[in-house]
Amino acid sequence: MTIRVQAEDFDVGAEYTAFTAGRTSIGGVTLFVGLVRDIAGGEAVSAMTLEHYPGMTERQLEAIEAEARRRWPLDDVLVIHRYGRLEPGDQIVLVATASAHRDAAFDSCRFLIDWLKTKAPFWKLEATPDGERWVEAKDSDDAAAARWAE
Amino acid sequence: MTIRVQAEDFDVGAEYTAFTAGRTSIGGVTLFVGLVRDIAGGEAVSAMTLEHYPGMTERQLEAIEAEARRRWPLDDVLVIHRYGRLEPGDQIVLVATASAHRDAAFDSCRFLIDWLKTKAPFWKLEATPDGERWVEAKDSDDAAAARWAE
Amino acid sequence: MKILYFAWLRSKIGVPTETVDLPAEVTTVGALVDWLKTRSPRHAEALANSKVVKVAVNQEHVPYDHPLSATDEVALFPPVTGG
Amino acid sequence: MKILYFAWLRSKIGVPTETVDLPAEVTTVGALVDWLKTRSPRHAEALANSKVVKVAVNQEHVPYDHPLSATDEVALFPPVTGG
């Protein structure tokens, strides 16, 4: 069970290898990687800066991870979220979940990214040809998170 | 868009890197890795042998992949499925999907593994302390595949 | 016609493949399964429960009412369990 | 009391953090937001639409009726957009 908030990039292969090493009870691992797109809302994006609230970010991610473990039987959970300046193609976030059963791995991974998007204190500033703009929260993200209401 | 049916192991990190290399239009990548568990149906499993129907396997996986691309806007799809003798902890299958949007990446990845489990001609033979036994198809897998009926 | 068997159908029948001369009246997959049961006690036992005998013709899943032609590649197998 | 601002709330107000002496009658998050609006035209503009002003107290999301105490760490920010 690992939460990391960092400026540095992460290596998906190395993280996956460490995540599963020496384990024989895992039936399925689901990973999600979020990446910076070169287009958003129809406009070219040349860079993105992720601001966050140090301290609260870690607390919120830990709370979200604890909630996932309460809801599903998970062998392990990994969440890495970057902050700082990123460019198109750069990795933003990695969520990985391991379980004996694939449904639990899929559901918990999606739950983590959906909750992270509405609860973890990160804000994206996009650089476009028209200047910088703060990304607005999407109703679709609220709807995605609301799916998981108990 | 790649389908591979092989006896050799695969490297999740290398596959992920090749999958995303040089791309800036991908917003999310979902990966699922299925692994051999050391316990199934309450019994210890010391090894698993995957038999398949060469030729038909590739055809079915290609058809399933084409169906996923018809249903979701995907930048890329990768499916690797192994056959032959595997041990607990070994990797069986990798499904990866890339899309501008995470919902499409998640849904298509899950669709691919759900359909693969009910349509791709693979059969598992487990070695247990009581001898070898052919794994029986699960009703839950049929139900999972039925979720995707249009 | 070439018939392929997989998984426990193969081990119960005892061969992975066999070539058969179909009688003219065997024109569907269902009729083929019934006819194969008459070939030996092993066939009869392996094919007894049609619910767990799936059929592919030319590498496509087909239902029991699917028509057959002499050049088809026909495979019989239990429900698949990959992934 | 220490107040932190993030994202466009920070850029509109012009400072990332400020320390304020709360009047005794400001006992909830909602009352704090209203009181902060009176500090400057920049505050008033940044905090005008309460729908997009979210509040955390001691690093937990809270509603506007959440009570305040003098030692709280209070953060104001727009809806989050990470992931």
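Should a chain be cited, it is by its letter among A, B, C and D, assigned in written order, with residues numbered from 1 in that chain.
Definition applied: a residue touches a chain if its C-beta (ideal position, glycine included) is under 8 Å from a C-beta of that chain, and two chains touch if they have at least 3 such contacts.
Just so we're clear, the structure is a prediction, and the values are computed from it rather than from any experiment.
Chemist: Determine the groups of chains connected by touching when chain A is not counted.
Modeler: B, C | D
Chemist: Counting one step per pair of touching chains, how far is chain D from chain A at the shortest?
Modeler: Minimum step count, chain A to chain D: 1.
Chemist: When the centre of a chain is set as the mean of its C-alpha atoms, what distance in Å lies between chain A and chain B?
Modeler: Result: the chain centres lie 23 Å from each other.
Chemist: Centroid from C-alpha atoms only, then distance chain B to chain D, rounded to Å. What do you get?
Modeler: Centre-to-centre distance between chain B and chain D: 48 Å.
Chemist: So how far apart, in whole Å, are chain C and chain D when each is placed at the average of its C-alpha atoms?
Modeler: From the centre of chain C to the centre of chain D is 72 Å.
Chemist: Enumerate the residues of chain A that touch no fewer than two other chains.
Modeler: 34, 113
Chemist: Identify all positions of chain D at which a residue touches two or more other chains, and write them in rising order.
Modeler: none
Chemist: Output every touching chain pair, sorted by label.
Modeler: Those chain pairs satisfying the definition are A-B, A-D, B-C.
Chemist: Along chain B, where are the residues that touch chain A in the complex?
Modeler: Residues in contact with chain A: 11-14, 16-17, 20, 22-39, 88-89, 100, 102-103, 105-106, 109-110, 113, 144.
Chemist: Considering the complex alone, what residue numbers of chain D touch chain A?
Modeler: Contact set of chain D toward chain A: 4, 6-8, 56, 59-61, 75, 77-83.
Chemist: State the interface residues of chain B toward chain C in the complex, per the touch definition above.
Modeler: My answer: residues 34, 50-53, 55-56, 59-60, 81, 92-93, 113, 116-125, 134-138, 141.
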